[in-house]
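The structure that follows is given in the form of structure tokens.
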Amino acid sequence: MSPRPLFADVSSRLAARSHWHPLEVAFWLAAIATIYALPSRHLILTEIAILGLFALSLDLILGYAGIVSLGHAAFFGFGAYAAGLLAKHGLVTEPLLALIASGLAAMVLGFATSFLVLRGSDLTRIMVTLGVAVVLREIANRYAGLTGGADGLQGVEITPLFGLFRFDIFGHTAYCYALGVLLVLFLVARRIVHSSFGLSLLAIKGNPLRAAAVGIPVNARLVAIYTIAAGYAGVAGALLTQTTAFASLSVFDFDRSADLLLVLVIGGAGYLYGGLIGAIVFKLMQDYLSSLTPQYWPFWIGLLLVALVLVGRERMTSWTRPIRALAARLDWRDARGRAAIPAEGR
Amino acid sequence: MALVLETVGLEKRFGGLVATNDVSLKVEKGSRHALIGPNGAGKTTLINLLTGVLRPTAGRILLDSRDITALKANARVKLGLTRTFQINQLFADLTPLETVSLAVAERLGAGADWWRPPGRRPQLVEEVAEILESFRLADVMNARTSVLPYGKQRLLEIAVAVASRPRVLLLDEPAAGVPEEERHAILDIVAALPQDVTVLLIEHDMDLVFRFAQRISVLVNGALFVEGTPEAIARDPRVKEVYLGEAAHA
Amino acid sequence: MLTILFDGIAYGMLLFVLACGLAVTLGLMNFVNLAHGAFAMAGGYCCVILVNRWGVPFLAALPLAFLFSAALGLILERTLYVHVYRKSHLDQVLFTIGLVFMSVAAVDYTMGSSQTFVRLPPWLEGQFNVGGVGVGRYRLLIIVICGLLTLALQLTLARTRFGSRLRAAVDDARVARGLGINVGSVFALTFAFGSGLAGLGGALGAEILGLDPIFPLKYMIYFLIVVTVGGTSSITGPFLASLLLGIGDVAGKYYVPSLGAFVIYTIMIAVLILRPQGLFVRGGAR
């Protein structure tokens, strides 16, 4: 093979990683269509969008960098309270600006705690992330004068978006807002994971020893993605506050971090859509189960988790594989793993 | 006779065990230097110390007269010191194309770019294509590393180390475990490495060592036993004695 | 001040009895059992039923709570846990969280969601007066029982054959199997015993700790702190860590009430930063 065709081949293969599959386009078209097609369901759709963004943030660190976090709610809650306080005290009245500010605040927290997850084993990371979330909850509880304590943050008023769109009780504005934020942040995340940086994360996740031996500054990259993911989680939390005009200690609950893991596991980690698909499935399931047994639905969630692990996560989430295989076949340019290995002995 | 890599009194202790014992190794620029010794002599430990995977308990490491003892592993790669692993350390879920792209991206300083995909840089693509070509990996470049035959994986292991355009390349038993039919590919590639790259080779295969090396250091029980030209080492009775009990290669 | 110390020691030793099963499980099987608190809760509620509803004397109810939780642990270990040992830590976390959710909901359904208290026998109420220091009878009992248990544990590990088999299996399971030690039954018995201890701790400490359906969630972090700070390769590590945390928590809440709860969390985070393997790890252990 002479160099020029190989050059073209390499170039196109590297570029193919970031091409849009038709299914992706279909997904987002369908999502935008729900604005008009399902106006009565906008409230739950908003919740799904927020949960999806939250799950996306976890996917960035779990699916792409291999960091197991049991306290991701820390950043969600931090962003939630930041947005609430900004609105309540009239510091930043434009919701979008407050959203950005809350996300940045969560990023700062993420950066500050990132060094805690660099060292140690999976167990240490679980412990530390759990600890950070618990500490934050305690702080929020303790400084009830600021946060409203167990009663939650009262008197949060969200001014109309761009001064034009009032947050109505049917959730129309809320949904368009949340979906818009989700889409924009998703596009950015997509850019990130398909970049050289994103590739280096996969390397770190797969073999950190080798990654360092290739020249990748492992710790610096992990800090970077952890910070970004914290920002995403913070934005999700801020969205929750802004769309419900309320923030309570439950944003820091362990349940939230645990449910989030389940959401990501249902959809599958490591391809960005897992969190979104998982959010849809989880919320619908929760809605259904709550209507059956309002108080005891955590039992069924627990049962699902146990079953999921016993059956094997791979087999459980293999229901998404046909979808992914279909996507691969539709797009001839991305024949991942289907390259024929020539027989040895040439 | 410039020294490109040098250790001064390098020592590594694990509790009471001295794995590396006062090693003062001198590697000349451009040379083909082999490091041999019986199993358990501490050869891989020495490589781990040189590359920053392990921290020495005493001593210094100098790269081009620059003290790199305190530098982290990835910083040493940036300064031009890379290695291969005795047991393949590859990215099971990535393809050879992606793996080599990683190494080249880091070398070009593009590794932290979070906006542009690697394929958008012509220089990167050029280098990646070149490496895949010369390491005979072009035909399997899109297969996941975990499904590649062992010989190809070994080639990839070396390709990744070379992709960083090192000044000093540490090869830890490059032909280990490779079936007979595929060994010549590895040997050819090692022999074809550019002259400005200094190579420190650990090997058990004496055939390869004597064909390749200009200078040989023998490591026994973590200490430098004897050093010299291949002819001198081959004739040295002490070296033969140290290898008694080892299966003799031709 | 001595009363604080005394209360702290009682709390600490209670934490130790509760958490040592987790430490051994983690060190032995490298298994992250976040559901450990559920066994403690089981023992606590068992004791509540025995004492409050069936009139069993408190001291008699304690070993029964132990047996109940131990049996529960043995059954779950042989049927469910054994399939999850080889899975990734993430899977273990998901699995045990699932168990926690199920146990919390189940207890909520059967026992109600408000806090329940054990009706302590009258001879446990009140204090002794020892040299001007108020020594609560109940807390004294806790210290005595937990102290005896700790001694018994240490002796068992050090002096008996089961103890040596256990220590061997903790050090290196593969080699232990190679020596003919039935690692599987060692695991099962140890898990059962650890769960039983947790149940005993739950029963004994229900008054101090507060027994309600969310007990496993509330105390999960405490157990994890004990295990992380104390390491998993000895008994003394978690023991000292528990004491440290118990005293720290009680003293912190008394002297610096606004920050009291943070004391232990800060200790944990500080320890994890400085020594990711724990404070009291034996050199050379895995």
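Here the chain labels run A, B and C in written order, and each chain numbers its own residues starting at 1.
The rule is simple: a contact is a pair of C-beta atoms (placed from the backbone, for glycine too) under 8 Å apart; a residue touches a chain by one contact, two chains touch by 3 or more.
Please read these numbers as outputs of a predicted model, since none were measured by experiment.
Most remote chain with respect to subunit C, judged by CA-atom centres, is B. Distance from each chain's C-alpha mean to the overall C-alpha mean is smallest for A.
Mean C-alpha position of subunit A lies 40 Å from that of subunit B.
Spacing of subunit A relative to subunit C, judged by their CA centroids, is 34 angstrom.
A separation of 49 Å divides the Cα centre of subunit B from that of subunit C.
Within the complex, the subunit A residues that touch subunit C are 62, 68, 70, 115-116, 119-124, 126-128, 130-132, 134-135, 138-139, 142, 254-255, 258, 261-262, 265, 295-299, 301-310, 313.
Those residues of subunit C that touch subunit A in the shared complex are 26, 32, 80, 83-84, 87-95, 97-106, 108-109, 217, 220-221, 224-225, 228, 258-259, 261-262, 265-266, 268-269, 272-273, 276-277.
Residues of subunit A that touch subunit B in their complex: 1, 3, 6-7, 9-15, 17-18, 191-192, 194-200, 202-203, 206-207, 209-218, 220-221, 224, 335-337, 339, 341-342, 344-345. Of all residues in subunit B, those touching subunit A in their complex are 51-53, 72-75, 77-78, 82-83, 85, 89-95, 97-99, 101-103, 105-107, 110-120, 122, 125-126, 128-130, 132-133, 138-144, 147-149, 151, 160-161, 164, 181-182.
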